[in-house]
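To keep things simple, chains are lettered A, B and C as they appear, and every chain counts its residues starting from 1.
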Amino acid sequence: MADIHAGIRDVCQGEVIELPRRDGRERHFVIENGEDLLRLSQWASQHDYYFCTMVANDERLLEDHIFKLYYLFSAPDGFLVTLEYPLNDPLHPTKYPSIRPSFPSVEPLEHRLYDTFGLSPHTGEVHSGTLLHTPYPPEYYPLRQGRTRDKLEERARAYSPPTHSASAIEMPEGMLAMPVGPIHAGVIEAGCFQFHLAGEVIEEVRIRLGYKHRGIEKLFQTSYTLERGHELAERVSGDASFAHSMAFCHAVESLAGVEVPLAARYWRGLLLELERFSNHAGDIAALVHDMAFELLASELAVVREQTLRLNQRVCGHRLLRGVNVPGGVHLLHRPHLNDVQRTIETLAARLLNLGKSVLEMPACRERMVNTGVLTCNEARTGGATGLVARASGLWKHDFRLRHPCGVYAIPALALADELRHTVVLSDDDLPSSIHRRVPIYLSDLQGDVFARLALRVAEAETSVHLVARLVAALRQKGGRSEPLVVPLEKLLRAVPNFEYGIGYAESWRGEIIYWLMKGPRNTIFRCDLRDPSLFNWTAMRQAIIRKPDPRDPTGRRYLENILADFPLINKSFNLSYAGHDL
Amino acid sequence: MREGTEPISHMARLLLGRVFGLLTGRRTLYAEDAAARYGPELARGRRSVFVRHLDCGSCNGCEIELSALVNPLYDIERFGIRFEASPRHADVLALTGPFTRNLETAAYLTYAAMAEPRCIVTIGDCAHDGGIFKDTYALADRPAFLEQAVVAHVPGCPPTPEAILRALAQQPRGTG
Amino acid sequence: MNLTAILLSGVIGLAQGTLLILAAPGVVGLLRTIKAQLQLRQGAGVLQPYRDLFKLLRKPAVRSNATSWIFASTPSVLFVAYSLLVFMVPVVHPATLISGDFVLAIYVLGLARFSLSLAGLDTGTPFGGLGSSREMFFHFLTEIGLVLVVVGLMIHWNTIDVQQVFEAHWRLGLGAFFTRPELLLLTLSLALLVLFESERIPIDNPSTHLELTMAHKAILLEYAGRDLALVEWAEMIKLTFLLTLLGNLFLPFPSLLATGAIPVVLWSVPAYGGKMVLLVLLLALWELGQPKLRLREVVAPGFTAMLLSLVAIIYTIYTTEG
């Protein structure tokens, strides 16, 4: 039903060419007609497709001499669908049709493309300055080909931004504008929030990011090769180092058409779950700390620290850097599986106990329930992803289930079973093999701070079960020392230039997607990466602003948040500024 | 989960156990003994250092390690070091990240808000010379007056909390 | 009373008030250390606030060009106001330097708050205004509560003079105290109000780093160096004053009636110390064992305090009439 071919047959009038993909789970179509693209995206939005990302590519120096856009969708039937749209209108070489009406989540990407490529949609407004603020000269477009680092540097240096005097922000009667940031009071990242307040109630919030823009995509293209890019990928967003490098490696491996050795897949799965556990523990601790509940917060912070120390023991780095390499994993020594198993069990017991206390304590609940509500509908239309989407009731939205790869695709391990029961749908639905110490029910997932905290606890527990299964699997393989890495260099050289590969990994925040196009001599011609934070920042705004309560039939009740609750909501989303700003 | 309420027994037991431990002295602290771990010179404390964190475009790895310092396993408070909310209160600016163009003005204003004597400790490889991000267009040069205020650098990507702790405890003595 | 007696009591009042001002950072240090120890941390030690203050006092004050004399004078106003309060309560000896009534005490507290709120507005920063508005919101709750406590005491003792009320409580002694429910209700009410006045959990978080949840601390964000030292010290004095008030008024032990008798003073010093340690321990436990309330919900403890006093007042009137 949701097969993309059916959609193309139904709505497309112009020619649509399907190009073969090496990976059987991917599909690629070239759509030349803008109207077709819009109709097809509308069809996709009606058929439960999830919009992943939009990649722009400057192919003016290649055979087609134009810009191209690649739209990436995740289909409900398990395929990753790429729609290629060439910007072939000679009168408007930088204009493209906007799919915003069917997928509003594309908006931040459109702003971004305007800054980095100078591309803008036919309809719908875009503004500059989301990534490149006033210090950058106009029409800078760093991601266009031919703009070398030296030229860009020179232009930025020569440019002196106009000195603007602070101007008053126009506000409606009785409202107050309150700008906060970009530098914040705690040990947190830089970003600016502008609140529109009526008393303490937040009517609207404008989130302005981009302060941490480091030009990472360009850096991939100018200074890194496919074999070494993982080093930079690890430093895109430090708290998801492992997931980022895993997604990057996955993209390179899918480009080379190899599957990593089985033991390496086990290790990757195990470490990805360790990262998830560690960050969920840290987030729970931080959330409790923000409620000023010192005793439990410090206990939870101890659990978090112990997970980082476990990481250190397993692979020599507290944030699991330097493990993933394209083609497999690189471990300094074979870690003690017993240590991993025992430590994680102890920590899980403590975390679950503490998490349960927080969830059950009335005073904590009072702060969390109905605070920062992101309704299921808003999550779906806004393109929210990862834990945030799941906490709003879209509990199936998980790339480990939608597009299983690596260890999640091994049927014998049955990891999907474990994942599917993270949220308890009903008590009799739970198979006897699966045990939940802190059962979280679907009715708990109502998109508020409470739901996000509860889901963090549940997912931490799932991660522990997954780790246990993977440890058992690794034990079974025994001491046979098979290589953990396949050499990729030659395979990559054999791949034709300007071929692209897609890599993804479900980090603890949501799916991370890398889109890599190979250049000559294993260079990276184009690297586009999408951190889950990108869409979730929009979702967070939606959760904060004052809006009618959809659960109230009379429509007179409003969901509103007060300013003092903003830190709590922010922490419950815990989005990456660095991952957004790139 | 949403509806049912449990008594807060776990909490109460935890707290009572702690009070009992405090009164009888029979308890072990989370952190190792400071003198054994960090040397007597550092453990003696008797200092007062207020630290303000300033993010200049880090990958948030350094932030993870900085916030780890306040957990009971490092317990930075026992060394007389405290993270402050305002640059006005601070003696030391803990600067992370490679100094992006977009944050240049904000960083300058933050430093300007501090009271003398003040200094900067750079944390992480990229705060030193851009590190892995050295070759991008998005970095600005640190102005000379900020460069001169740097009294110490903690290498690492990210540095361990212990290394940061040592640097924060040792360096500011001359300036503070 | 002859001149020497007046002089003597003045000197004693001056001495114990001054000592209390000097001891205030130690009380806060003790509170922080106990909290740290309960979290199985070592903590910075009782003396750390002294080190902090000493360092801050040597740093110059940085003031934004946008601020006026209001911002500059507030630290001194706070310090003087809270110091005045300290000289009004008997600590280990019944003599005080300043004799006044409770209404004066309430409005000296109010003056300090008013001055602080003005300073917050004076900075022109969004946080300053935010903090001021929240401070006034808290003040609205506490002022009524405190007045009701004073009314309760007044109806009970027919006086609001600080010294006379203290004396009455001491005469009553600790044991008899528990036979008078109205006084116990007033104790609870005052204890809640102390949490409000000293900006503790669950009303406000004194150690927060989240600028948007701050009430009191939001105003202090702009102070630096000497100014900050003075403000912080003033806050410590206030907390010590409030705990002393609570301890000496509602834990009237030992009886300090025998004015000037040396054995009683010898006895009352450790007793006072013990009371303070007990109160600090209770405060630490209270703060650790619960999260902060949502900002709007602080109305609840505020009204609870008022209600407790009201019940005490009605009970007193009822029993005395009947």
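Assume contacts are C-beta pairs under 8 Å (C-beta built on N, C-alpha and C of every residue); 3 or more make two chains touch, one makes a residue touch a chain.
This is a predicted model, so every value here is computed, not measured.
S.K.: Between chain pairs A-B and B-C, which one is joined by a greater number of C-beta pairs in contact?
M.R.: Counting C-beta pairs in contact, A-B comes out ahead.
S.K.: Grab the C-alpha centre of each chain and report whichever is closest to the global C-alpha centre.
M.R.: B
S.K.: Measure off the straight-line distance from the CA centroid of chain A to the CA centroid of chain C, and report it in whole Å.
M.R.: Chain centres of chain A and chain C, defined by C-alpha means, are spaced 49 Å apart.
S.K.: Round to the nearest whole Å and give the separation of the Cα centres of chain A and chain B.
M.R.: That pair's centroid distance is 28 Å.
S.K.: Which integer distance in Å separates the CA centroid of chain B from that of chain C?
M.R.: It comes to 32 Å between the two C-alpha centres.
S.K.: Would you please write down the residue numbers of chain C that are in contact with two or more other chains?
M.R.: Residue numbers touching two or more other chains: 38-41, 208-209, 211, 221, 288-289.
S.K.: Among the residues of chain A, pick out those that touch two or more other chains and give their numbers.
M.R.: If we look for residues of chain A contacting two or more partner chains, we find 185-187, 295, 298-299, 361.
S.K.: In chain B, which residues are in touch with two or more of the other chains?
M.R.: In chain B, 11, 15, 18, 30, 72, 83, 85-86 touch at least two other chains.
S.K.: Applying the document's contact rule, which stretches of chain C touch chain B when the two form their complex?
M.R.: Residue positions touching the partner: 32, 34, 36-45, 48, 51-52, 54-55, 59-62, 208-209, 211, 214, 217, 220-225, 228, 281, 285, 288-289.
S.K.: For the complex, which residues does chain A have touching chain B?
M.R.: Its residues touching chain B are 132-133, 135-136, 142, 149, 152-153, 156, 182-183, 185-190, 210-216, 218-219, 222-223, 231-232, 235-239, 241, 282, 286, 295-296, 298-299, 301-302, 304-306, 308, 318-319, 321, 353-354, 356-357, 359-362, 369, 438-441, 443-444, 446, 450, 454, 576-578, 581.
S.K.: Applying the document's contact rule, which stretches of chain B touch chain A when the two form their complex?
M.R.: Within the complex, chain B contacts chain A at residues 1-2, 4-6, 8, 10-11, 14-15, 18, 30, 53-68, 70-74, 83, 85-86, 97-98, 100-107, 110, 126, 132-133, 135-140, 157-158, 160.
S.K.: For a test of understanding, state which residues of chain B touch chain C in their complex under the given definition.
M.R.: 11-12, 15, 18-19, 21-22, 27-31, 34, 45-48, 50, 72, 75, 77-80, 82-83, 85-86, 88-89, 91, 113-117, 176
S.K.: Taking the touch rule as given, give the residues of chain C at its contact with chain A in the complex, in rising order.
M.R.: Contact set of chain C toward chain A: 35, 38-41, 126, 130, 201-202, 205, 208-213, 221, 287-297.
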